[in-house]
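So that you can tell them apart, the chains are marked A, B, C, D, E and F in the order they are listed, and the count of residues begins at 1 in each.
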Amino acid sequence: MIEVALAIGFAAVGIATVFCLIRLALGPDTADRVLALDTLVTNAVALIMLLGIAQATAVHFEAALLIAMMGFVGTVAFCKFVLRGDVIE
Amino acid sequence: MEALVASGVGVLTAVGVYLCLRGRTFPVVLGLSFLSYAVNVFLFATGRLVVGRPPIIDPAAPGYTDPLPQALVLTAIVISFGMTALVVVLALRGFLEAGSDHVDGREPRDERR
Amino acid sequence: MTDWIIVPVVLPAAMAASIVLVARFDLALQRTLSLATTVFLLGVAVGLFLLARDGVPRPYLLGAWPAPFGIVLVLDRLSALMLVLTQLLALLVLLYAAAGWDRQGRHFHALFQFQLMGLNGAFLTGDVFNLFVFFEVLLIASYGLFLHGAGVRRLVGGFKYVTINLLASTLFLFAVGTIYAVTGTLNMADLALKAAQVGPEQAGLLRTGVALLLVVFAVKAALAPLHLWLPGTYGVAAPPVAALFAVMTKVGAYAILRVHLAVFGGAGSPAIGLVEPWVVPAALATLVLGTLGVLGARSLQRLAAYSVLASMGTLALVLAVPTSAATAAALYYLVHSTLAAAGLFLVGELVAERRGAMRDELVPAPPFPQLELLAAGFLLAALATAGLPPLSGFLGKIWILDALRGRSAWPWLWAAVLVTSLLTVLALARAGSLLFWKPAALAAPAADPPPPRPRPLVPLVATATLLALPVLLAGFAGPLAQELEATARQLYARQSYVEAVLGPSSPPAPLER
Amino acid sequence: MSGALAIAGEALVALAILVGSFFLLVGSFGLLRLPTFVQRLHAPTKATTLGVGGILIASMLYFLFTTGRLSVHELLITLFLFLTAPVSAYMLAKAYLFHRRAERELPPSGRPVGWATFDPAASRDDPDEALRPR
Amino acid sequence: MDLAAIVLVPLLGAVLPPLLIRSGRDACALVTGAVTAVALALLLVRAPAVFRGELLRESVSWLPQAGLEASFFLDGFGFFFAFLILLVGILIIAYARFYLSREDPLGKFYSFLLLFQGAMVGIVLSDNVLLLVVFWELTSLSSFLLIGYWRHLPEAREGARMALVVTGAGGLALLAGLLLLGEAAGSRELTTILARGEEVRASPLYLPALLLVLLGAFTKSAQFPFHFWLPHAMAAPTPVSAYLHSATMVKAGLFLLGRLWPVLAGTEVWFLLVSGTGLLTMLVAAWIAIFKDDLKALLAFSTVSHLGLVTLLLGLGTGSAVLAGVFHIVNHASFKAALFMTAGIVDHEAGTRDARRLGGLFRLMPITGSLAVLASLSMAGVPPLNGFLSKELLLEETLPVQWWSTGRLFPLLVLAAAACSVAYSLRYAVHVFLGPVRGDYPRHPHDPSPGMWLPAAVLCLPVVAIGLFPDAIAGPLVRVAAEAATAGAAPPTILELWHGPTPALFASLLAFLCGLLLLAAYAPLCRLRERSWRPEAKAMYEAAVAALAAAARRTSDAIHDERLQRTVAWALFAILLVGLATGAGAFAAGTRPPVPVTAPATVLWAAGVACALAVAVLHRQRLLALVVTSVVGLIVSLTFVWFSAPDLALTQLSVEIVTTVLMLLALNYLPRESPRESTPARRARDLAIALGSGLGVGALLYAILTSDFALPTISAYHVAESKPGGGGTNVVNVILVDFRGYDTLGEIIVLAIAALAIFAVLDSTFRGVAAERLRHWEALPRAADRHPMMLVVATRVMLPLALAVGVYIFLRGHNQPGGGFIAGLVVGVALIVQYMASGWAWARARTRIDYHALVGAGVFVAVATGIGSWFFDRPFLTSTYGYLHLPLVGAVELASAALFDLGVFLTVVGVVMLVLANLARVSARIEPRLGPPAPMDSVPRPEPRAAAEAALAAQRAEPES
Amino acid sequence: MLARLFPHPLLSCLIAVVWVLLVNGPSPGSVLMGLVLGLILPWLTRPFWPERPRLRAPLTILEYVCIVLFDICVANLQVAYLVLFRRPEALRSRFVVVPLDTRVPEAIVTLAGTITMTPGTVSCDVSADGRALLVHALDAADPEELVATIKRRYERRLLEIFG
């Protein structure tokens, strides 16, 4: 049962990734692309957790945690760049 | 999976090489990043591909992947981070000093290359 | 006593950290610490050299982990020789630089000590991945030193220098990865042992990895066509830095000796016979291109930079020959060419800083102070560079000719060496007579001649000492040559190296050729 | 652990996974489908909240049922996502507004000053100046 | 050391003159003369043994590995030359003392002269052929210095360079030739080689060796067509010309020919090359000499001609010819040195050496005139002077010579040369000294002080004395020399003034008459010569050198144009070439069972590939490229997660973030887009290289991944020892901080250096051009708020939490994924976010740590941890660990590796902060803040009372909803 | 004493909780360590957060969290429906302005974050004086009602919590 759910979950993540990539390709704005990147990062957290369940290990937890904690820094930096040019000012 | 990883590394290398051959500093920096991705995965993969066997000692573990390439890659990542930082700063400083971000520090004349 | 083996790495590292930590606002203190460290290091290097003379390679097991599992340093005659050469050069260059050059940018002394650490580490290590790490240490320190004083030429040149070296570093990792993927080891002694045991199905992979590593070292050694980075680097760096860099290309040469000729050169190794067919043509091209550069150079520093190239070409010709006789000749020339090039850089700068706006451009300029003295210095440096008697350049060259005798196409190699020597003589004669003999009509008399700046004595003394070294090398060529022969023999004594590092229990393998 | 409980546990885990996957997918689908940027900005919220949330719950339950120990560190991931996702969205919205919209296309703020992205008063260091009528 | 002393005394003595010049010119000259005299005395002491026919030899080891020994030998031939060199040397030293003016640095001159002298003596006494080359090149060098002595004269500089290059080239050829000769003879000692003539001549190396040696000898002795440098060397002060270019250096080539005569001579090719060259040189130079108006040029070409004469004799291959040659060397040295000295006196006194402006000097300077006329008559071969004798011998030797089947051509040519020689010799006497006194000399000439004419007079003594009593004065010396040179093949000829009416006498007479005729017809001859084609060798040489240098510069500039793209392309090309050549056969799939492919992995792969390719296509839009690159980085991290490398994933993720921020910081001051500037051809080339590289790497990795390790890997030990030996369960971390902690030490030092270098590079931004450029920076339109409230507050809450995570990751790294490096990045990012949110100035003011200190401290802690193991007498970086049992908490592991990891942590934090904060400083400098830095914008402020009350009232007025 | 040690008890507790979550479960050691960190980290980071607000009404906090979580779940379903089944052009997307009563930045940010995390609404900007929020609604038939709901459901409680 879990295997089936996992398979569906992986498929969902895969399809979601494809969607994000299409948005990344289409844009049209930089903000769209950064948004796609941000969503990809979120998907990555999900993917890592799914992998953890599939492999029955908690060893990937830190990776998910770091993405959750620091993933937004990239997004913020890109936005700050678009907004002000200077990321740190 | 081997074919995927090998071809992926190949693509990363090709892109990195192509970018390194561009005439402006920024794509070159990007190219170096790509080469660094490529070589990191390559070096990591020299321990062969193993799924679900992280090198963390656990009596219940069925086995471990080769930890040594991982340690080497960690070192390599760190070093290439330092190098990238330096090269980025150099690209910036060169531009501020020369007024051109061409890799040769001067705009190519009429010749279009 | 073996604990001293790690000192040439650890001491400069600790000292550099201390300089950053406590002395970063106090240049005088930095100088004192830096000089004292370098003097001490020279002492240690000499001590290690004497220690290594008994002919037994000494492993130093870092972290007390047994080889090949941990990282091991190996002190043998070759590494000790390189240590002495490096510290000697470093001390003289540092003396020179401490008279004012170090003021032009930040962190000169810390970077300098880190540079020494990187060089020493690269010469001492017995582990290929650790060699990569120390290559990176010495490279990044060299980037820092290269950029010392900044300026547009250095910044733009710096980008190129860094880029090309990053490419080489990337290739280094590809190569090391491939080697590990086949042999499962990184320790050089272990590699020497295992290379012979790799089966035919993976021999090709190993050979590829080793060949790629050769390309990496060729980049460092600036062998054509991988040399294109050198003129813009050595010709642009602050002259004392360029002088120190004279030893950097030799790291590439050292690595080829250590890895390709010694480790992977043993019987049964799939990578045997790789060096000569690739390196000799490259060396010839380097020699020719370097000489053309010397002949066409517009400034003295450029000329010196190209002379480094030409000397690397000469060196590589004989370096590629995998016999202990040839290697001894290569080592002699290596030592000589390092000191000669450094001397030329320093003399060039002494001239440049006295010629005002003309700097070291090879155009007529008014006479300048201390002309006679510097002319004599230039003469010595030029003699050494061009390989004219009676200095070590000539001895090195005849030894090389001797060693090349009988290799394939040797008449051509001889012709190349001799003809390029002649062209170098021509170029240096032109440059010297232009700089020291041809007075320019004084430009419109300056209303206010600039006040005579105090000319510190120390740079002159440092340069003079450096220039005296080729004389000593020539004078004591005999005893030195004996040392070098022993060094070369030890390099090829693979069995004893393996036993020293891995212990005598390692199964006897047909390692000797 | 009895068989029935195990099956129930498995079902719970599977359900959580499915719920999470669903919202994850919906989020990305919205990102693809919705026509304007501000509308698309709504999409990832689902992925970060119920999407990842569902899978985290699945993970917690899974380790509870397999090891018998409650695994709680997944909550941290949620915590950090909740802390950071609004910032991302906010910055993205500002970036979009700044680049693609003029201030007049936005509803007035109802304050003597305009929106922070556009009104220089936002970064004025004199606190009182911001309130003076312009 | 006896023989070496003869060489070393002048060489070492060369340091004395510059030191003594302060004591006066006389003292200087005396000491220089004394040095030479000592050397001469040392030589003469050995004379009895030499004349007994003994061969004196001594050897000191120098560089035996290259076959170079400091070995000397003295036989008659060497003695002869050494004697000549030192004897003439003394005279030249005396002459120069008076010749050089007060402005000329005499000390330097004498120093160079002694250097030269020592080198010359070295050549003639060397036993080892390589040693000979050493001295040979030294003579080139010291003559370079001597010719260029008057460095203000362009012709001196050019002449010096030309002499150096031509003779230096010869020297290198000689080196090769002698090496080959040594190879053929099986020894590099002349004493041995000389005994093995047969073997050498039979060796296949004979011909190349001969050609190379002759090249050396001919260039040095100015044989045609290498003669051109010698006349231009006359720009040197006359003592130099007299010494080098008449008596000594140019004779070095002849010495060499004579020295190697027993080995090389006697073959057809030797005869053809040597005597042919000699004859040609003799003839051509004599003809030219007739027309030289510059006295020194005239003498120079006459010297060339006489050198040709001796060469011719040596080429004949008979012992008697060698004897004649040796005899002529003596004679030539005496009269030619004297002639040079008189030319120098004329120049000195009359202010010109142009024959056209001279004449009638005999009356004004009778002593000089007498000496000059005497010497020139000797040169013309007038009896009873010594020149006559050697010319007789020459004719005697050459008259019977046949050149192939050309009949009498050879002797006729010799005769023609002799006639020319008469002509120029007499011209020197007639056009300068005879005839009426003129009134238009640049200076008023009169005889100089005895110091100047005495040496010339001394030299004229043998001119007459040898002419009259040849055998008594020169006989023994010449014979012993010739005998030694020919290894006994020279006949014990008695030298006599009068041989009776031999064909040679008639030929000599004929030559003299022809010479007179030539001189009589001087004016028409001159016109004839004016009209004929005369290749100007110097101009050709200079043009050739200039063309060479220009070509070298062009080539070098074209190749080393320092274009990065070309540099990189070549490097990649070389890599591809080597990789393909060595690895083409190696890329075969192995037999390792594959890991099954899964769908999500495929999607990730496709995403990564697509994004990577997109970056290649879109790279000109830089921001976009950066965004897409982040996706690639994310996928790389996920790859690490996938294949059991959690530590790698963590590291890659955190590095990725820092790198992105870094790139954005830089991108702000870089153009946002790259221009489209690659030609299609360039793109195609790059694409080919890129594809090749990608395919190569892909194939290599595929071959690796599909095959197993050929041999067991060392990492099995790491896994086994991780817990018991290293005290940690995260093997990767234990490797990093323990098994290979030394690598990690290197790695953090790389980071530290990078940070220091970056700091140093950025530090210079605030000066010069860059600062100027920044001052005029035109920023793009910007949003109004710098520090959005949402960002500021969220990151404030995040900071302590992120630090807690950092602590967590640091502490558990030894056992679980994590460690000092990642923890450092986490903390660094947490701090950087503060900078991003609240601004550089505000955040910097709140960070009490100096990042330099942090970097330094980190490295220091790591190093100190390593050193700590010394105190337990263990190698550097030896780790230890133990467990501390605390109440409540339980066992806490304390590992020295953790201390090392702390160093890593501190370094990483310091580096990240130092780099990013300093990069941010660039913009802080552009826009200096007015007033105090604000932590956040658009924050609700405490309102003025009135406004607040109004707001409150308005709120109350509204009905509750 | 305790107040001196823990000037921000809530933050310290949060850190302790985070630590316990990090090590994946409470144990004497982990709680102790969490408390130690709760002591040190707020002190270390104090300069970066100069005016930490005092939180009141802990029960209201709990209530607020529950409400928000509940709203998130409901809104997720609503929005999923909108995304999947509503034609995009039929969406009544619009910006609405939420005037703010609270003046505590932390409260404003919490409100903005809550709005964003509840699917269907995103906080896009704040007025230059920080007294109004610009919110985008994916589908808002009645903007006033939306603003009122936000103020009633969230801001009122935040006013209580942050004072």
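Keep in mind that, in the parts below, a contact is a pair of C-beta atoms (placed from the backbone, for glycine too) under 8 Å apart; a residue touches a chain by one contact, two chains touch by 3 or more.
All values reported here derive from a predicted model rather than from experimental measurement.
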Shared chain contacts [chain B and chain E, defined touch]: A, C
Contact-graph distance - origin chain C, target chain F: 2
From chain F, the most remote chain by mean C-alpha position: E
Of all other chains, the one whose Cα centre sits farthest from chain A: E
Chain pair showing more contacts of the two, D-E and D-F: D-F
Centre-of-Cα separation between chain E and chain C, whole angstrom: 15
Distance from chain D to chain A - Cα centre to Cα centre, in angstrom: 12
Mean-CA-position distance for chain F and chain E (Å): 72
Centre-of-Cα separation between chain C and chain B, whole angstrom: 28
Residue list for chain F, restricted to those that touch at least two other chains: 18, 22-24, 112-113, 123, 126-131
Residue numbers of chain B (touch at least two other chains): 20, 25, 28, 38, 42, 45-46, 51-52, 54, 56, 68, 72, 75, 79, 82-83, 86, 90-91, 93, 97, 103-104
Residues of chain C engaged with two or more neighbouring chains: 129, 133, 136, 140, 143, 147, 150, 152, 155, 158-160, 163, 167, 174, 177-178, 180-181, 186
Residues of chain C touching chain B in the complex: 129, 133, 136, 140, 143, 147, 150-153, 155-156, 158-160, 162-163, 166-167, 169-170, 173-174, 176-178, 180-181, 186
Chain A-touching residues of chain E, taken from the complex the two chains share: 598-600, 603-604, 607, 610-611, 614, 623-624, 626-628, 630-631, 634, 637-638, 641-642, 646, 649-650, 653-654, 656-657, 660-661, 664-665, 667-668, 779-780, 782-783, 786, 791, 798, 801-802, 805, 809, 816-818, 822, 826, 829, 832-833, 835-836, 839-840, 916-917, 919-920, 923-924, 927
Contact set on chain D toward chain F in their complex: 22-23, 26, 29-30, 33-36, 38-39, 41-43, 45-46, 48-50, 69-73, 75-76, 79, 82-83, 85-87, 89-90, 93-94, 97, 106-117, 119-122, 130-131
Chain B residues touching chain A - in the complex, by the definition given at the top: 51-52, 54, 56
Residue numbers on chain B that touch chain E, as the complex places them: 1-15, 17-30, 33-34, 37-38, 40-42, 44-58, 64-68, 70-75, 77-79, 81-86, 88-93, 95-97, 99, 101, 103-104, 108, 112-113
